[in-house]
Each structure stands twice: as structure tokens, then as C-alpha cells.
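Please read the structure below before turning to the comments.
When the chains are written out, they are named A, B, C, D and E in that same order, and each has its own residue count from 1.
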Amino acid sequence: MLTTLLIFVPLAGAILVWILPLSRESTGGVALLVALAEVGLWLGSARNFDFASDAQQYSANREWFEELGISYAVGLYGFQYWLVGLTIVVGACAVGYGAWVGRERARAYFGLLLFLIGALVGVFAAQDLIVFYVFFEAMLIPIYVLVGVWGGPQRIKATITFVLYTMAGSLLMLASIIAFGISQGTFLLSDIGTSSNDWVFLGFLAAFAVKAPLLPFHGWLRLAYVEAPPEVGAILSGVVSKAAVFGLVWIVLPHFPGPVDDFRTLVLVLAAATLVYGSVLAFRQPDIRGVVAYSSMAQMGLIVLGIFAVNDLGLDGAVLHSVNHGLVSAGFFLLAGMIETRAGTGLFSGLGGMAKGRPILATLVLTLGMFTLAVPGSTNFAGEFAILAGVFDRGWGYAAVGAAAIVLAALYALRLISAILHERRGTAVRDDAGDLVGGELMLLVPLVAILAVLSAWPAGITERSFPADEPATFIGSQEGLGAP
Amino acid sequence: MIDTPSVDWLALSPTLALLAVAAITLLGAVIVPRSSERAFSVVVSLAGFATSAVLAGIVFDRSPEASAVVVESMTRDRLGAFAAILIAAVGIAVVLISAGDGRRSHVGEYYALLAAASAGMVFFASAANLMTMFLALEWFSISLYVLCALDTHRRESLEAGLKYLIVGSFGSGILLFGCALVYGATGELGFASIREATGADDPLFVTGMAMILAGLAFKVSAAPFHMWTPDVYQGAPTTVTAFMAAATKAAALVLTLRILVTAFPEQDEIWTIAVAVLAVASLVIGNLAAIAQRDLKRLLAYSSVSHAGFLLIAIAADNADGGTALLYYLIPYCAATVGAFAVVAARERELAQPVTLSRLEGLGWERPFLGIAMWWFMLSMAGFPLTGGFLGKLFVFSAVYEAGWWWLVVIGVLATALSLAYYLNVVRALYMRSGEIGGTVVAAGGSPPRDLLLDTAVACALVVTIGSFFLVQPLVDLARDAVASLPF
Amino acid sequence: MGHLSNFLVWVVWLLAAAACIGTGLRVVTASNPFSSALSLIGNLASLAVLYLLASGEFVAAAQVLVYAGAVMVMFLFVIAYLGGRADAPWAGGTRLIQTASVISAVALLAVTFVALMLNAGGRLSDEAEVTRAFGSPAEMGRLFLTDHLLAFEITSIVLLVAAVGGVVLGMRSRAEELLDAGEART
Amino acid sequence: MVAGSWVCLLAPLAGFLAITLAGTRITRRQAGAISTLSVFVGFAGAVVALVDAWGRDTDDRVELTTAWTWLKAGEFEVGLELLVDPLSLVMMLVVTGVGGLIVLYSNGYMAGEDEERRYFAYMAFFVFSMLLLVQGGNLLLLLVGWGLVGLASYLLIGFHHERASAVAAAKKAFVMNAIGDAVMVLAFALTIAHIGSLDYGVVFEAAESGELSDTVVTLLALGLLGGAVAKSAQIPLHTWLPDAMEGPTPVSALIHAATMVTAGVYLICRTHPVFEAAPDVQHLAALLGLATLLVAGVVALVQWDIKRVIAYSTMSQIGYMFVGAGIGAYGFAMFHLVTHAFFKALLFLAAGIVIHHLDGEQDIRRMGGLRATMPFTHATFLIGTLALVGIPPFAGFWSKDAILASALAEGGVLGWILYVGGLLGALLTAMYSLRLYFLVFRGKEAAEAAHPEAAAAHHGEAPRSMTVPVGVLALGSSITGLLLIPGVWHPFEDWLETAVEPLVDPSTGQEWLTSALAVGLALVGSFLAWRAFRAGRELVAEGPVRTTLEHKLWFDELYDTVFSRPAQAIAALVRDRFETPIVQGGLDEVAEGTIRGATITSSAQSGLLRTYALAFTVAVAVLTLVFLVVR
Amino acid sequence: MMGPDVPWYLAIAAILFSIGVAGVLLRRSPLIVLLSLEIMLNSANLAFVGFSRLFGEMDGQVFALAVMAVAASEVCVGLGLIVAMARRNLALDVDSLTELRG
């Protein structure tokens, strides 16, 4: 019930915003209120959430399309709870940012944003393949317009590329879903059982490989992340990409034990390649968002490594790191937006020396940068370490690549920081471009605060991601995937 | 002394209601003063279509078992009733849309012909022998020929009319010859009797079957029998196009399903393949050609070709699920099609010139309601979730997968991906400009006062498009009942 | 006696068939519509003969009266009304298209022929014995009022619709008037 | 003990947070005060803990306290826990004590610097990180501290962020350390894979009991060594340290002399069971130490930057410590760490005063004769130098010689190599240290000539806040050595023995012999330096040798060509050859293809009615034919 | 039955049918195209009559009769259209109807 509420509060809010004839400011305000209410709802739901139990929490299951055995089934396990939380928090920040800059055509804009949040929550809460697919696609609808209308100069190419890529992947998944569900007579994840059909497996994999993205499937990445409005970019890289994490953890691993074993090497190699590739390219990007985009790609590669390690460390690490990366990249996108409003560009050629006289900005850039490169002690480090330790089981080579990526991450993160903050002032930076102000801090500080808390206590998430903190056995217990 | 057979008037009532409309509006065109001619016809038509829909509903309710009317002239069953409801509903929507068109002449005749065509389709959908089938086909075809050419002052309209007439008659000629051959092979005209009759592998029989299939595929506008579609859809008055795209397809598909399943079940291993091939061809050609289109009506025409492909997949499944899927798919399809053409009509009246993608620019911001509606219609046609279109496709694919044709699913999925290219293009045109956000296309005709009836029609279409997603099960149950009367 | 009449029937049939095909070809090939319309009349007439020989008296009669009579007269009127404008170039399109057309037409013919001949002489050759009443107007009437009542009604509806359509299209609409007026003014 | 250690750890953190969050609401001086205070509070905590521990009997001096579970995944679990034992107590005292003095000194040194707040926040943060490193109760926490000190050092080296060279140096330092971290992460992953835990106890137990196979232990030890080498700027990961001198002088004193760079030694001592289980690696450590010791020594001979000279001497002194740790003389290695912390910090701070006095001048060719103007500084600097050179009774003498003696006691080829090398190092040390001392303080008053305005600005000595710490450190450098008088009184050794059992124990005789040799060589070196100075010659004559030394043996150039250039080239290649054309461009290709197909398909729609009919006919013919065939 | 038996009729029907088809495919004058269409329909009629003779059932003849009506209607509408086009001064040439294409 509560899950349903979490899904539909934003959707209702969207409709509310669409129909209420309010001014730009008040529209933003209403949207923000809805988003905050959502946050409150989520926090409240933590109280009765039994992380230890291996039953879905707040689950709901109503017959919807008996003909094909499709039902509206939603519910939360620990890791889903965290992903939902990530969505809601980042979403709130995004809405806040939109309200702060005062977007054109506010009603349409905030409506779509709330719609997107609702759809994302739906994705992470889905317990039925079709419901999952429905939300998985539904989130494209707002993204398409949000990027295409409010984006940068190349927005239209960006948005079309993004949607076509994603759809190509997810339609293959649809074929797989049909094949899987029809042959099993149900689409309910809890009853659907396992399949050993490689093609069906590959269909799912395709969708998630595009979404993550893994190496050859990232053609949409740069354009989409760079051209999108900052807050949308934040949601894209921070949350939307996590749909892949959810899919892999909750659909692929439990229901395709055979193929997972057969293709593990392939996926792990792809993921490792993605990690290195993303890091290397991040190091050559000419602008802030480019760096963040490719670093996101690298991080997703790392997360996939953890997932396909299919052991406790790997899975817990993957969940933890998903949350970390979501918060960090979201923060960085917002930050990028704020810097761009000051300098008029995100290009390093025009930036630099912003630390002088802007202590708050400098501090935040530094902090987020350090989280990005997973400085030891940060929650990102915890996640990264867990993943590497986990994937070590599958071959020291993957761990070695991961370790190398630590150095690469240091390289590009430091480059990013210096390019923004250090040395002489960039040509594009006017000296009257001030420090961050209250409104902007309201958005960033919460993110950083959460990251700080997590850094002090990463176990807060890892312990509570899977029943009894036994991911492998739990995933396995969903139909026979033996714990490695 | 000849004893005239007892006639099941209830079975005929939906048709008769529409015929009555035709007659009254025709009279109205003569006696009612010009000033009130339009209002009169609109009101009468609405009443008539509504009545017909209600009557069809009653028929649906009262005939769980199929029964022949006047020795296999027509069947009274839920399938026919379902189609009748659909057609009548489309008719209502089209009338609402038409009310606001600036038609200066042939007002009464327009509505009369519309009603007549609908009547023909309703009958066609439940025809039970080759003769009634052919006659009903001609019945609504001829009405449509006239409707297409009705704007005699527009060159395109005449061109469309003539093209439709000639190719259409050509098609029905072939259909007729096919009927003759089948008759020759079996000595029967009634579908059921044809099934009973011997000579399944008789060369005459299969030849005739092929020609009949071709003739029907023509009406369904499945590739390669589709080539008239774009031209006619583009040239005909937009409201007529809307009607054709939705109602004709529905009627033709229902009858195709009916005849293939009732008359030719013995040969199914032949025609399933054929239908599948037609479906694939339609998907490929329709989607590819649509990408290249700039004129919106033409684009939608091609999209309707590709939808014919999807619907034929359902028929190729050759099982009860397939039939059910077909009927369910038709609901959101008709809604979205009519709605989309309604929006096109609105824009057309605003700009007083054909609507191209570039002329659509900014509609989303200038007319938020129409914009959002159009957006959702496109999504539904593209098979996005939260619209009936998605579940329709899903259902069709599942059906054909159950029939064991996984490759059709794959092709269908790829075709869907291809179709996004142009559906999203429309959405892009609605909301995004390469230039700055906002701004407006100068309305050549000066935007007319907002047309309440048209908006109502669009609203209804929107409700159905989205509602059919959330209330899928009840609708599917209806479709299931409707198909139950077919001998699967 | 039987032989003689049979022979005579054969002769008549062959003549009719020949006329039928000949006129048919003429219709398609004649350069101006007028002559092809006339030859269609001939075609219809010869068809009527064939109907007669296939013991379809009423159909034959209807053919001559309704068709050759009424319809073709309408045709001729229109052609006369259009006068010179009725003449269009004989055929068009590229050579390729023309040859393709002919080939496909022939192919269709071939296919149907095959289909026919595959069981000609077999089932197709043993006709049922029929009474004198077969094909008589009375019988037709009975059928139209019993088994094919609906077909009969529909036929009338179709004719009605067509009539309306013909009128609607034939007469000059107000829209056209306004248009022409506009053009005249400019 | 526990409470004390927590206070010690958290006080600097509190200071850091306070300054950061307070932002501009506090003045610079207040920031300085907070920072200094917090560190001294930490020192107090450490002292309390020490006293407590001292009171206990020897086998009860180890305590492990867990705050909460930091990271947990399935079986694997790591607590946020502190380990208090003699070893960590020593480090705590050094870090907070010396650190406190240096922070105090900074108050004077950094006065007038803008963004002073940031500086003091960073300093407090560094102290916290360093404490976490030495107090961390398991390998993972050690790694955390390890990384955080790296971060702090990055921040402080790059403190003058508008100076490109500073930023570059900071990056270099961080990346070098990141390499070390990565290696350690890998080693830890390996450990987890085998024993599923990172607790000291479990790991050491497994190492000693042989539960971990030799290869695994060796790899683990190598990993740890890698981290240690990177952090302690030993060959081959040493190149960052000289550049790190871009940071403010107190930073160099605290991070790059007294504490952080010596963490490697601490690490080896802390994880000695692992190293002892992999003796080859331990010896490798010793040899690396020796190599660094000598290389740094010779390079230091030709440096002109006062801070760089001291930096190289730091490297070489740490080399000694590695030698000690490498042969298992943990106590002596740690002792040298302590004394070194004192006198090297002293040298840096004194040098800082000089630089401060000369308005940031660091080139010793433009100094000289400062003895007259700044007697106090001169005195302290001299003490530091003597301690470094190892002249009794100053601290360096006792600690360095103890290590050399251990090498002697170790014996064998390795032992002798180390012994001889070490003695040679003593010679070098004397030469470069005295060279520095002479050039800066003796001779004619070059400095005044070079910096008249400076002479006018500062009259003589620096402010109290700077001189006091220097004085204290001078005192320390003079007397701490007395904590370890061979055969007579060695409380330090005994104190540590309870935590880390040494492998070698040189006899008193070996001790005195070594001392005699070492001091002798030191005097020789000093004499050479003096003679060269008098003759106004350089110690190393012009020529290929000298150029090689001036280029620090071409290490930077080597790494540049071998690593960074190829890496950048590859990155560019990937972007220009794969990403842009194939990944980004491939999509356009597909799109164009589709559109081409679309135009073709729709151009088939000629508008010619008869072609439509034709298509129809053909289709029907085909359909019929097919039906006829397949029926 | 006197004279040739049914297949002969059918043969004629088939020939006529393809003649009609050829006409539609080849001729440009809409009038003549209409006439060709008539021929197609009539061929079907002939087939129907023949078959109905074959089976001795009159359904075929009834069908034929109905078809005549239909043919008449098509002609009616077709002529109407042609007249309308002529009135709009459009060339009576199906090849010139290429306003709508692509």
C-alpha cells in the first residue's frame, strides 16, 4: 500500500501541477512541496520496514490482466528501498534546482519532472515483469521531452539518440519478457521461476547494457548527459542508470542462473572494459559534464562487476555503490549547472581559478571530487572496496583492473577539480561571479550530508540491503541460483 | 405463393438505425433550410449512431450463441455486434469532428453517406455468405468513394476519389472472381457450408481463396495491396480519412478473421503463412515509408499500414487469443487514429492548409490540450506503456508467440523500434523547435474559435486510449466473448 | 435431331464466344472511348447469348435490358457530354510498366487456367440435370424474396447510394461556385 | 587508555569541522587558535593514554575498542575500531606532539596569508587522518587513514592553488599515493578472498600459522610494501616528495618530514608478522631503503633549494628506517622515526624562519652569513644539523647508529651490504648537511646584499609563536636520544618490545664500534664540506655525474616517457579512433541507412494509379501461384 | 447439356477477366478503365452463371444479377466523378493524377 503511495504521490502531483493554473514561482513551490512530502513519506516508511525479513515490505498485488497472468505487483526489499530512496532524494533536489533557476513553461516542466520521479520509483518497486517494463518505458516519456525542450543546443539530437538507443534495448527485453512470461504462464517475479534460455537472457541483458551503459552500448551517453538540463542530467546519471542495476540484481540473476553462469565471463569483461574505458575517456573530456558523464559510465561498469561477482561482498557493494554514485553524480551535475550559470560555459578552457574568493564552491567541488575518486574512508571507497573484494573471487584480473581504475579515477577527478578551481582565473569566469548562495546550498548540502553520514556508516546500507544480509543466498533462493 | 422468411429484426437493427439516419439526413438536405441543415444532420447522426451502438450492445448481450439470419445471409453473433459497437463509436467521434468543418456544400449528403457507409460496414462485419459479403463491401466502398471525392472543389479530393474508385473496383473485381471460383469449387456461398463442402485442396478453391484474401487485404490496406492508402488518405477530407482509417480497417479485419476462420479453417496451414507474410511486408514497408513523410495525413496513412501488419499478426496466430488480441488492439487503435486525425483536422482548419510536420510546430504550446492528446495518441500507436497500444501489441505478440511463431514477435518488436522514428518525430514537432523555446507558427486562417465538439471527441479518444490500458481486463473479457462465437 | 441442335448450339456458342472475346479486346484497345463503349455493348450482348446457352434466361434478359440498355446509354451520354476531352492518350508509362502489365495479366490468366483445367473434364464436366424452370424469372423472384432477401435489399441500397453519389458528384457544388466566383473576381 | 585515545583521535577532527563549518564567522587568528588547541588536546589525550598504559603491566598494554560496524557484507565485517598499544601510543605522541608544535609555529608563519582558515582546517584534518592511520584497529581502517593523509597532503601541498607548480606537485603526490593505495586494496582483496577478514589479529594469526600460503603472504607483504614505499617516498615511488616542497614550510615539516612520510615504517612495524612470514619481501624493503638512502644522499649534494635539500635528507633518513625495519630492528627503526621527527621538523622550521625572513627566498646561493642577523635560528639549525649528522649527544646519533649496529648484528651478505651502505650514507649525510649549514649561515652576508628590503622588513628573529616551537624541538633533538643508551638505559626499546618483538639484538660492543665508525665518517664528511666551502668549490665537480645528480637520476623524465605520455596518447587515441567515429558516428550511419531505405520505399509510391493496380495484380498472381503450389 | 460443357464457359470467363485486367493496367483514359472494370465484373458473372449451371443451383445466377446492379452503381459513381473532374478542367488521364505521391 505504502509502496503504491510512493509511486502515485508524484504522479498525482504531476497532474495537479498540470491542471492548476499557477504562476511559475508557485508552480515550482507546489512541485517542491510534493517532492518533499515524498521524501517524508519515504523516511516515514523506514520505521516499520523490516530489513531482516525475507518477505516483501509494503507489498501490493492486484489482478490487472488475468488473461496473460499480469498483475499490478509492487513491494520492497532492502535494496529496492535504498534505490527508491535515492530516486526520491535526488528527485527532490532536481525539482528544487528547477524551482531555483525558474524554468520556462514551469507547469509542463515540473509536471514532467514529478512524473519521471513517480515512474522511477515504480521501476524500483516493481515485482511483476510487465509492471517493471511499463514504468521502465514510462520514464522515457518525460525524459524525452525534458531533454528535448529544455536542453542545450544539441538537445534534439541528444534526446532522440537517447530514446532510440534505450527503446532498441528495451524492446528486445519486451520480446524476452513475452517469451519468458508466456512460457511460464505468469509475469509475477515471485512465481515466474527460472529460465535457461540464452536468447531470453540476452534480451534482458541488452536492455540493461544500454541503460547502464556497458561498453559498446554507450553511444547516447555523452550527448544526453551534456545536453540535458543539469537537474535532468542529475536524474539521468544518478538514478535512471540504476534501473539497470535493479534489473540485473532482481531479474537477471535470480531467474537466469544458467545463462548467468555461462555468460558471466563475457559480462565481467565488458564491465571491466567499461570501467577502464570510461575512466580513460573521462580523462580526456573538455568539459565538466563530459567528465562526470564518462565517470558515471566507469562507475556503472564497476557496479556491474560487483553484481556479476554474485557474492555477498559484490552484491552489497553494488547496492551501496549505486546509492553513492547516484548521490555524487547528481550533486556534480547540479554543481556543473551552478558553475555554468556563473561562467556561462562548462568548458575547462574557459574555467579555472574559481576557488579564489569562493570558499563554499571550492569546498563543495573538492568534497564531491573526493567522493568521486573514492578517497579511502568515503562511502564510495567502501562500496568500491567491497565490489573489488567481491569480484576478486571471480578472478584477480577483474580486481586488478578495478584497482587500476582507482588510479585513473584519481587522475580525472583531480584534473576536474583543478580545471575548475585552481591556477589563474579562467577567461569565462567573471570576477563578480559570486560564491554559492543559500538556495543552491539547500540543494547540495543535503546530498553531501547524506554522503558524509554514509561514509561514517556504510554498513547502514550494506547490512540492510538483503534479508539477513545474505545477498547471494537470498538471490539464489529466488529459484535455485546456488550461492557461489 | 411465396412465403417470405422470418427476419431477425434485432440482428439487423444496428444497420437499420444507421440507414434511417442516412434517409433522414438525406431528406433533411432537401427540406430543412440551409441555415439549420448542419445542426439538423449532426443531431440526427449523433442520435442515430448512438442508437445503433446501443442496439448493437443489446445484440451483443442477447446473442451468446451465433445464429444465422435468413439462411446464412448474415450471422447474428457477438463478433459482429462488437464490430458494430466499434464502428458506431467511431462514427460518433467522426460526426463530432465533422461538425466544425467549414463544409459549404453537400452537408446533408455528407452525413447521409457517412451513415450509409457505417451501415454497410456493420453489415459487412457480420456477413455470412460470399454474396452478402461482396454486396456489403460494395455498399460501403461506393459510399466511401463518394465521400473521398466529396470536396469536388479540391483537386486532391477528386484525385483521391478516382484513385480509390478505380483501384477499389479493381480489387473488388478480383475479390468477386475469387468468390466465383470458390463457389465453383464448392457449389456453396455460405461460409459455414463452404467449410462443410469437400475439395479442400481443389485448385479452384485455393485460387479463389487467394483472390478473396487479396481483395480483403486491399481493404485492410496491407502491403503490397496498400498503395492506394497514402494517396487516398491524404487527398480525402480529413474527417473521412479518420473514418476510413478507423472504421474500414476494423470492419475489414473482423470480416477477414471471420471468413478465414469459418470458411477456410481446413486450409489454415496455407493462409496463416500468407497472412504472416503480408503482415511482415506491411510492417516493413509501412514503417519505412512513414519515416520519409512530411505530410501528417500521409504519415498516419503509412502508420495505419504498419498497424495493419500488427493486426494481421494477430490473425496469423490463428487461435482464440489471436482473435481476442485483434479485437482488443482495435479499441485503442481506433481511438488513437480518430483522435490523431481530429487534431490534424483542427490544425488544418486553423492554418487553412495541409498539415505538415513543420506546420505542426508549437501546437503543443499553443493548444496544450490538443498537444497532450496528440502526444498520447502517438505514444499509443508506438506502443508505449500507459496506453492501450502497448497492451494491444503485448497481447498480439503473446498470442502469436503461443502459436509458436517467435520470429514474428521479433520482427514486430523491431518494427516497433523503427516506428518510433516517426511517432517521436511528431511529438518533437509538437513541442520542440531547433530554435528557441516558445514562439508560434502564424495561423494563416487565423485560429478559429475553439471547437467544443471536436475537443469532446478528442477527449473521448484520449480517455479510451489511456483507459484501455488500465481497464484492460474487462475489455479483453468482452473481446473474448465476441471471439467465442468463432469455431476456433 | 439431338445431334443437329447440339451442333447448332455449338456454332452459336462459338460465334458468341468469339464475339465476346473480340469485342472485349476491342474495348481495351480502341483508341477513343466512344468506340470502346460501343464494343462493350456488343460484348455484353454476346455474353447474354452465352448466359442463354447456360440456361440463364432471366440473367440474359437483365443483361440486355438493364446493362446494355440503361447503363451503356448513360455511358454514351457522358462521353458525348465530354466530347473531345474524353480522348486520352492510348497508354502510358514506361515500356517496362506496359510489358509488366501485359505479362502479369497473362500470368493471372495462366494461373486461373491451370486452376480450371486441373479438374476440367472431371467434376466440372458433369452438370446436374436441370428442369425447365431453371433460370426462369419466377424462380429468380422466389429466391430473391426468400433465401437471398437480404442480398436483394442490399442491392437496392447499393443502387440508391450510387444514385445519390452520382448526383452529388455530378452537380456543381456551392463550394465550387464560390471558388469559381473568387477566381472570376481575381 | 581507551578514552584518551578517542579524545586524541576526535579532538583534531572536531577542530577541523569547527573551522570548516564556521567559515567566515571566525577570524583567521581564531581559526589558528582552534586548530592548535585541538591538536594539543589530542596530545593531552595521548599522554593520558600513555600514562594509563605505563601503569599497567606489560602484557596488558594492548586494547582494541570498537565504536560500531563500519562495513559489513555477509560474512565479511569491519568495525570502526581503535587499537591502542605501545606502538600506536608512540606514534600518537609524535603526531600530536610534534604536530601541535608545528601548528603553533604556523600561527606565526602563515600570518597575513589569506585563506589562512583553510590552512588550519587542513592541518587539523591531517592530524586527524594521521591519528586514524596509526590508531586504526584493522587493515581497512589503516588504509582509510592512509588515504586520508594522502588527501590532506594533496590539499596542503596545493595550498597555494593559484601557483601552477604547486597544483601539479599536489596532483603528483596524490596520484603516486593512489598507486600505493591501489596496490594495498588489491592485497587486502586477496586477503579477504582467503581468510575473509582484515582484523590484525586474524591476519597475523593466519600469517604466522601458515594458514595463508607462502605466495599469498608474499603477495600481501608486497602489497603492503608497495603502499609503504609510495607513502614514504622510497625508490621507485619517491619522485613526488621533492616537488611536495611546493607546500608551505610548516606543511613540509609536519607531513613530509615528521609524520606522514614515516608512515611506511610504521606500517612495516605494525604488520611485522606478515613481513616476517615473507622474509624476502622484508629484505627487499631493507634494500629499497638502502638504495633510497644513498641516492637521496648523493642527490642532496647538488641541490640549491634549501627545502629540497632537507627533503632529500628526509628520504635518506627514512631509508635508514626501512633498513632497520627490513632487518627486524623495529624498535630502533621506530626510535629513529621519533628522533628524526624532532630534528627534521626542527630543520624545516628553522629553514622556514630563514625563508620567512627573506620573503620566501629558498635558493641557498642567495643566502649566507645569516648567523649574525638571526643567532637563535642559527643555533637551533645547527643543533638540528648535528642531530642529523649523528654527532653525540644529539638524538640522531643514538638512533641511526642503533640501526647500523643491528645491520652488523644481522650479519650475512645482506647485513654487510646494509652495514657498509649505511656507513657510507652517514658520510653523505654529513657532507650535504654541513654544506647546507655553511652556505646558509656562514660566510659573508650574501643574504643582506641580496635582500636589502627583507633586512629592512624583518629585524632579526621571527615572532614568539615561531621561535617557541623551534626551541622546544631543538631541546627534543638534543635529549630524546638519551632514551636509548646502548647497554646503559634503553626504556624506549623495552617499551616497544612488548608490542613488536625485534628480530635482531645487537650486542653493546657492536653498538659502540658502529658508533665510533659512524661518528668518524661524519667528521670526515663535515671536514670535506668545510674545505669545499672555504675553497668556494662545489662538493661534486661539474660533469656528467653532476648533471645526472641535478636531474635526480632522470627519474621524472623516465616516468614521464614510460607512463604518463603513453597513457595520454592512448586516451587520445581511444577517443579519436574509437569513441568519436565508431560509437558516436555509428549511430549516424544507422540513421542515414534507415532514411535512405525510407526514401526508396516511399519513392516507389509513384502516384501512378496504374502501377498500384500493377502491384496488386502481380501480388495476386504470386499469391495464387504459391497457393496452387503449396496446397 | 447441349453445346460445350462448363469448362468452356469458364475458359471464356478467365480470358475476359484478364482482358479486363490488362485494360485497367494499360489504358490511361479513366472512361476506358471503367469499361475494363465492367469487363472484369462480367467475366465473373459468366463464371457464376456457368457454375450455377454446373450445380443446378440458381445462387450463382442470383449473384450475377446482383453484380450487374453493383457494376451499374460503380459506373454511375465513376461517371459522376469523371464529370466532376471534367468540370474542374482536370485532364481525363489517370497518369496525370500524380498530385498525391511519395
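The criterion applied here is as follows: a residue touches a chain if its C-beta (ideal position, glycine included) is under 8 Å from a C-beta of that chain, and two chains touch if they have at least 3 such contacts.
Every value quoted in this text rests on a predicted model; they were computed, and no experiment measured them.
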item	value
Interchain contact steps from chain C to chain D (minimum; 1 if touching)	1
Neighbouring chains common to chain C and chain E, by label	B, D
Innermost chain by mean C-alpha position	A
Chain pair bearing the highest count of C-beta contacts	C-E
Label of the chain whose CA centroid is most distant from the centroid of chain D	C
Distance from the mean Cα position of chain E to that of chain A, given in whole angstrom	66
Distance between the centres, which are taken as Cα means, of chain E and chain B, whole angstrom	26
Rounded Å distance, chain B centre to chain C centre (Cα mean)	30
Separation of chain D from chain E, taking each centre as the mean of its C-alpha atoms, in whole Å	99
Where chain B touches two or more other chains at once, by residue number	131, 135, 138, 142, 145-146, 149, 152-153, 161-163, 166, 170, 174, 177, 181, 184, 203, 206-207, 230-231, 292-293, 421
Sites on chain C at which at least two other chains make contact	92-93, 101, 104-105, 108, 111-112, 114-116, 124, 147-148, 151, 154-155, 158, 161-162, 165, 168-169, 172, 176
Contacts with two or more other chains, residues of chain E listed in rising order	10, 17, 20-21, 24-26, 28, 30, 50, 54-55, 57, 59, 62-63, 66, 70, 73-74, 77, 80-82, 84, 87-88, 94-95, 97, 99-102
Contacting chain pairs - touch in the sense defined above	A-B, A-D, B-C, B-D, B-E, C-D, C-E, D-E
Residue ranges of chain A in contact with chain B within the complex	63-68, 104-105, 108, 130, 133-135, 137-138, 140-141, 144-145, 148-150, 155-156, 159-160, 163-164, 167-168, 171-172, 174-175, 178-179, 181-182
Chain D-touching residues of chain C, taken from the complex the two chains share	92-93, 97, 100-101, 104-105, 107-108, 111-112, 114-115
Of chain D, residues touching chain E in the complex	602-603, 605-610, 613-614, 617
Contacting residues of chain D [partner chain B, same complex]	594-595, 597-599, 601-602, 605, 607, 609, 611-613, 615-616, 618-620, 623-624, 626-628, 630-631
Residues of chain E defined as touching chain B within the complex	10, 13, 17, 20-21, 24, 30, 33-34, 37, 40-41, 43-44, 47-48, 50-51, 54-55, 57, 59-60, 62-63, 66-67, 70, 73-74, 77-78, 80-82, 84-85, 87-88, 90, 94, 97, 99-102
